[in-house]
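Going by the order they are written in, the chains are A, B, C, D, E and F; count residues from 1 in each one.
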Amino acid sequence: MTRIAVYPGTFDPVTYGHLDVIKRMSSLFDKVYVAVAHSGEKSPLFSLTERVDMMTQAVSEYDNVHVEDFEGLVVDYAIKKSAKVVVRGLRMISDFEYEFQMALTNRKLNTRIETVFMMPNESYSYLSSKLIKEVARLGADISPFVPENVVRKISEKYKQ
Amino acid sequence: MTRIAVYPGTFDPVTYGHLDVIKRMSSLFDKVYVAVAHSGEKSPLFSLTERVDMMTQAVSEYDNVHVEDFEGLVVDYAIKKSAKVVVRGLRMISDFEYEFQMALTNRKLNTRIETVFMMPNESYSYLSSKLIKEVARLGADISPFVPENVVRKISEKYKQ
Amino acid sequence: MTRIAVYPGTFDPVTYGHLDVIKRMSSLFDKVYVAVAHSGEKSPLFSLTERVDMMTQAVSEYDNVHVEDFEGLVVDYAIKKSAKVVVRGLRMISDFEYEFQMALTNRKLNTRIETVFMMPNESYSYLSSKLIKEVARLGADISPFVPENVVRKISEKYKQ
Amino acid sequence: MTRIAVYPGTFDPVTYGHLDVIKRMSSLFDKVYVAVAHSGEKSPLFSLTERVDMMTQAVSEYDNVHVEDFEGLVVDYAIKKSAKVVVRGLRMISDFEYEFQMALTNRKLNTRIETVFMMPNESYSYLSSKLIKEVARLGADISPFVPENVVRKISEKYKQ
Amino acid sequence: MTRIAVYPGTFDPVTYGHLDVIKRMSSLFDKVYVAVAHSGEKSPLFSLTERVDMMTQAVSEYDNVHVEDFEGLVVDYAIKKSAKVVVRGLRMISDFEYEFQMALTNRKLNTRIETVFMMPNESYSYLSSKLIKEVARLGADISPFVPENVVRKISEKYKQ
Amino acid sequence: MTRIAVYPGTFDPVTYGHLDVIKRMSSLFDKVYVAVAHSGEKSPLFSLTERVDMMTQAVSEYDNVHVEDFEGLVVDYAIKKSAKVVVRGLRMISDFEYEFQMALTNRKLNTRIETVFMMPNESYSYLSSKLIKEVARLGADISPFVPENVVRKISEKYKQ
């Protein structure tokens, strides 16, 4: 039986925290789909294409990790991919509350999909895409937080 | 002495979690006012009239529950209704923090009004109007979360 | 209809935080039973009789407040007193979690008893019987935290 | 590749919450070891043998679930069983904090073992072995919380 | 050695909670810079000049407290002022999580700047600039929460 | 003016998390007193002398850090040492709640003593003396968590 897992998110942009979770997933599952959300209502800094591209470059070393964009419900996407598991990273309490609500709502929408939670390395426990964009906009060097290609893309955005 | 309580909220839209709290209030108090807020700054999915209508239909079985819209401070509304108690539902930690701030601020504004907290059934502890709208927009069947008339209204909204 | 509420606890010893909740209950309900628990497994500093006595003196000004000891389940005690409501004070997050578990467990044991939560004045939000005993043992003046009769009783305990 | 997971705990006694997690694990992994801890320092209500027996009866319907006692570090036990995953149930915030510490400590002790978190059904989110024993001791009917064989065992304990 | 500390914030508007922290800082440090942020992305109720002015009036009694606006990273501003310490007020859990992220991010950006946390008086623990603006807009008397000059400024805003 | 700070705790035993806080204090204050508590009611694994000795060795590199045992109230000890500041490390939410209560209680006992909170490096955010003792007892190598002299002392304890 092939174990397939989905890792959904906005990834605006991908951080070392996300990549740490993906590395762990890559060794636990046969196949991993990183599912980049359209995020219709929020307006992300990076376009969907940019977010998929940055993620694709960042995970190129993992043979069993595939990056795709998706629209609609995570549970529907998981079914389409024959995945039984949705993985979410847990860093802090505030994550936990929202994730709890989301996981229980998803379970109601489709009982065959199980949400499991994994923890990134504690060095990344405080990383937040939002905060990284905020300090980047103010001129900070964000290379400790995100991969090199993302550093370049962000600095282009804020130069414009 | 008639015990009167106010249950204020945006109710955008009413969920089974809200209705569970109202059912409990209905049996504890002589009269319950469900106070639907104008919510001037946020922009709700449903108009004030729609929110009052959906709630009115949803609570029609309780003789001692009255639905009204209100503007201004909750404590002023409570005084006008001769209520001594404002009820708020508590589901999770994040609720708790905001509710704590709100309750203490309200107490400062009017010491005669007491805020008391009630818990919905644990089956509804994860329900959030925001999340329900989000998954409805993405095509989910939300009938496990909200009454039938709300299901219809939401699907109309997102069809447009 | 007479509105009766139960306020259960160990009260080892009663603090100004407890008394603040009782004052609020006294004005919201027709009759209030302060139910002092035997607390079979924990070993309290004060005997059951001492705890009932200290509480009785502390609430003497409220005509509709009665102090009793009780053994067994809170929900059974509430039924015996014809109370529909059990009140618990909520101060902080850690309270909230335990109270949440307790309230949902009690609801399962008897659906006719409702737990409602009230907040003491923010000046008492940090008061803890445990901390008060700890600092009293180390020689602190605890008169800002507990009534005069409790100050005397505690200093007797720690002199022995 | 056989996917093996360990579910460690004291299980004093097993509750419907634990069983809900085990059911979910049984469908996600090829083999599940429920590892009942000796718990040297705490003194459990039930002996190790009793706890293993109660659990064994409770999971008899799952062919791929094995119950064993274990002593020592969870990560060492997992290695011995060729498991790469330790599963822990997450119910509330207080769980989360302790589990976070435990998971990060375990990861330091052995980087090859990954802790993943799963959520029981929300109907069991408030169940606590400790609270169940407490209300059982006070005479409550605990059949909504634990399997029938556990109900019998607990009532024997408290009769003695 | 002169001990210099920075207290950064949006202060939209300054509350008695902020002032309580500043009073404590004034007695612990030789020099205190209250750094009012431009807050480029959020749109504050008061202009930068208004926020600096309100704060300047509110802290006029403290000789060693200086109010300035600042743009860019807090750590850069601190370096410019020869400060080794950034102070943040901690009131509640939700503060704590965000502050934790911010402090660890800042430490990564500049290891020479230390963030320390102080607690306002418990009477101000529930004060939130956001909530105060909300109730002011609805007509509340906010003189228990903010200094007199701020009361006047807010009521002008909402009259317009 | 000499800035003196007290860092109180049980330190049973000292961890790299404590040492990280002490290093930060050493650079912020002129003089630091690490105050090892007698902890009359809890029964620590290490004797007071052992805990003072382990700490003294661990901080020998800092000229301005002094280790002493103390009995009684922290605020009284601080006054005796002419310290205006008590420092506490904050790692997680559960810390925060207890620390909040303790700090506000101490402030009531002596308004001249200010509690400030500092955060250890995120690599140590999950370290807990209790958990370290637990895994050491079960045979774990705890050298990533505590200094070498503590590793030796603990392994002696558990060999006996």
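The rule is simple: a contact is a pair of C-beta atoms (placed from the backbone, for glycine too) under 8 Å apart; a residue touches a chain by one contact, two chains touch by 3 or more.
From a predicted model like this one, the values you see are computed outputs, not experimental measurements.
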For subunit F, the least number of touch steps when starting out from subunit D: 1
Chain located farthest away, centre of subunit D as origin (C-alpha): E
Cα-superposition angle relating the copies subunit F and subunit E, to nearest 5°: 180
Pair of chains joined by more contacts [C-beta pairs], B-D or A-D: A-D
Distance between the centres, which are taken as Cα means, of subunit F and subunit C, whole angstrom: 34
Geometric centre distance via CA averages, subunit F-subunit B, whole Å: 47
Touching two or more other chains - residue numbers and ranges from subunit A: 93-94, 97, 100, 104, 122, 126
Interchain pairs in contact, sorted by label: A-B, A-D, A-E, A-F, B-C, B-D, B-E, C-D, C-E, C-F, D-F, E-F
Touching residues (chain side subunit F, partner subunit A) in the complex: 93, 122-123, 125-126
Residues of subunit D that touch subunit F when the two form their complex: 40-41, 71-73, 76, 93-94, 97, 100-102, 104-105, 108-109
Residue ranges of subunit F touching subunit E (in the complex, touch as defined): 1, 3, 24, 27-28, 30, 84-85, 90, 93, 96-97, 100, 103-104, 114-119, 122
Sites on subunit F touched by subunit D in the complex: 92-94, 126-128, 131-132, 134-135, 137-141, 144-145
